[in-house]
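Here is the structure we will look at.
Read from first to last, the chains carry the letters A, B and C; within each, the first residue is number 1.
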Amino acid sequence: MLRTSLKALAILGGLLAAAPAAQAAEGAAHIPNQGFSFQGPFGVYDRASAQRGFQVYSQVCSACHAMHLMSYRNLRDLGLTEQQVAAIASQVQVQDGPNDEGQMFERPGRPSDRFRSPFPNPQAARAANNGALPPDLSVIAKAREGGANYIYALLTGYGDPPPDVHIAEGMHYNAYFPGHQIAMARPLNPDQVEFADHTPATVENMARDVATFLQWAAEPELELRHSMGIKIIVFLLVLAGLAYAVKRKIWANAH
Amino acid sequence: MASGLHNSDIPNPVLRWIDQRMPIFTMMQKEYGSFPTPRNFNYFWNFGALAMVNLMIMIATGIFLAMHYTPHSSMAFDSVERIMRDVNFGWLLRYVHANGASMFFIVVYIHIWRGMYYGSYKAPRELLWMLGVVIFLLMMATAFMGYVLPWGQMSFWGATVITNLFSAFPLVGEWIVTLLWGGFSVDNATLNRFFSLHYLLPFVIVGVVFLHIVALHITGSNNPLGIEPKGPQDTLPFHPYYTAKDSFGLVIYFIVFAGLVFFAPNYLGHPDNYIPADPLVTPAHIVPEWYFLPFYAILRAVPDKLGGVLMMFGSILVWFVLPWLDRSPVRSMRFRPIARICFLLWTVSFLVLLWCGGKPAEEPYVTISRFAAAYYFAYFLVILPLLSRIEKPLPLPESISRAVLGGGPLPAGAAAKPMEKA
Amino acid sequence: MADSGEATASGGTPRRDFLNLVTASFAAVGVGAIAWPFINSMQPARDVLALASTDVDLAPIAVGQAVTVMWRGKPIFVRSRTAQEIEAARAVPLNDLKDPQTDQARIQRDPWLVVIGICTHLGCVPLGQKPTDPRGPYGGWFCPCHGSAYDTSGRIRQGPAPLNLAVPPYAFTSDTKIRIG
């Protein structure tokens, strides 16, 4: 019995282990682990960091990158008050309509509006960016191998190319981008933004904050998922003990 | 029985009234209560029940997800993300459904492995086994079409590659592919029909599962010794013995399931499927979901388009004739020392194919896949038919009860196995 | 796990009964808890609850006219009432009303009446917005489905509907603009 169980476990383990190993991306450099607060089964978001990350996104990244799945109201979950969210939303002009004359019109944003996209369509985005399409960042942390660690690595991975690497016109060297040539120029520079909480705006800090923010944007359910998961697994462990005791009792006379 | 009321012995008067007119309670009692079941099942025999529960979980979560999903090429991706963000517990339903597919395949693979190891496919259970293979094929079709629905990059290119498999068939191939697509490429029409069929097929599976169980309850279950029960001393009533044992196994299964859903919901998925489908850009490295990888590896191991497709389909279709390839009268591998080793090697070849399927189509993986695929087929087509003639099995125990409860020296093969001293 | 088990199991029945009971209760709690996410998922989603409010410009609406706007997928009746209509609404003694409510309690500023245009009987949209519509015996709205008649304050006066037309949450953002929701 023990042997067969072990065998079953081995098969199961083999199946589970084989899958992602099979899918590990080739080509890019190894991505260092930054030990973010949301990692691990008890992980939660560092809200201050995520709020700073939103500031970096809105002052830097949002010039080219849309986040069309996000609404301003979602920022409430990051700890902003209703007034703060309304103020942030009202700073952007969003298109609405058609009105009674059949015309589209601009109005100040409301919390229920989606984040305003920098470009009306992908073609416009390409035209403004030398043919490259800046990806939407709503779920980027789920859409890249390595998630937030990759985002941090990419943002801090700019530098001079090794001598044997030729970089094409309009491209930039990045140690962590697959293929090492990225169309996006170095986006973060020291003191590019000013944080209200006086956190020094180093490239590393900003990269860390924006990676936290993007992870939150991609997985807003993470904290609830973790806390529910712990409770459910504890419940199931107790139930497993009980079920095993019942099973033993019933089988006691069957051998 | 020919006319009048059924002679019911259900004590509760209301239930008896129903039972006299439609004896479902008598049937339940007969098939799931007192049903004589071999007393020596090990935990591998839990996996049929687990698969059944898994199917119900998939149908329940799927129905609720369909209330929010939009099967349109321009809205599908965003509607899935809306489920993740805005629908109450939508993330839970979706992660249970997505990981439930993986759990379903884990459970069913172990269930099939169990059937192969203990010879459950042999007479008189050939039809039972073949119905199981039909269920597996339906599962694969359903899972494939379900994976297309989020309309991410992997959805789109998976759909493109898999539907293109049919173009390998001469003459009718192109026609079939256009028919599957409903257009000149994978597009909105394809997404719509996949959604329709993805919703339909699980209910077809329920129907075949019902037949699978009907067939099971005619022949009765196989068991780890592979010998038929000879009398009441060899069996136990299904309830409470196996209901209790299945319940325990079910809780363990839920723990694994919950671990995936709550702490690694995207572990078995692929990041590229969070990129919306783009018909102009193929991802650098496309792979199917992990549960298709062994068959995908066989496809890639063959350098010929039609040959690869035929080998891939053949690798599953060969299961249909397994009862006639393996003519050995001994069911359980416990008593077949050579076949046992050959089968465990087959298991290794399957896992190697799974591993190779996820690797890029380059050396050394192609060569490894070829050897593994060759062994995969050789086991069924050469080794088993041959062993049926030449292998000398170990002596079988006299009866299940004698083997389990003692009462005499046990044959070597069954020794040191105090099964179910739980 | 009760009946047939008793017959076959050995002595220690009381402990097993208790054990069975605890285990079954645990399992029942688990199954019950599983049902909640399913039911809850059918409630309005967060984006639906956060749906934008609707702004209405009152300036173009002449006295005696009415407009219909959409709010949360429902028609909202905005009517600029004539002096006679207001007077008629206020002259009605409360005892005559099925759902007693003063006209003043239902409006914020004269002459504007803002109500949700859904009959409180079974959800049809009553007639009475267009000048050519029948407005029923009380000059307000008339529901063609089952004959409920509302007065110039949107109160139910006749027919099967139990309640007055509901007043949505709204506020004047300027003298000629309201925001509903």
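What we mean here is this: a contact is a pair of C-beta atoms (placed from the backbone, for glycine too) under 8 Å apart; a residue touches a chain by one contact, two chains touch by 3 or more.
Predicted model, so just to flag it, every value in this text is computed and none were measured.
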item	value
Between the pairs A-C and A-B, the one where more C-beta pairs touch	A-B
Greatest separation from chain B - chain, by CA centre	C
Whole-Å separation of chain centres (CA-atom averages), chain B against chain C	49
Euclidean distance of C-alpha centroids - chain A vs chain C, Å	39
Distance from chain B to chain A - Cα centre to Cα centre, in angstrom	34
Multi-partner residues of chain C (each touching 2 or more other chains)	1, 5, 8-9, 27, 46-47
Chain B: positions in contact with at least two other chains	82, 85, 92, 240, 244, 247
Where chain A touches two or more other chains at once, by residue number	236, 239, 243, 246, 250, 254
Residues of chain B that touch chain C when the two form their complex	33-34, 60, 64, 67-68, 82, 85-90, 92-93, 237, 239-240, 243-244, 247
Residues of chain C that touch chain B when the two form their complex	1, 4-5, 8-9, 27, 36-38, 40-43, 45-48
Residues of chain A that touch chain C when the two form their complex	71, 73, 110-113, 235-236, 238-239, 242-243, 245-246, 249-250, 252-254
Footprint of chain B on chain A - complex, ascending	1, 4-5, 8, 11-12, 14-16, 18-23, 25-27, 41, 68-69, 74, 135-136, 138-139, 142-145, 178, 218, 220-221, 225-226, 228-230, 232-233, 236-237, 239-240, 243-244, 246-248, 250-251, 254-255
Residues of chain C touching chain A in the complex	1, 5, 8-10, 12, 15-16, 19-20, 22-23, 26-27, 30, 46-47, 50-53
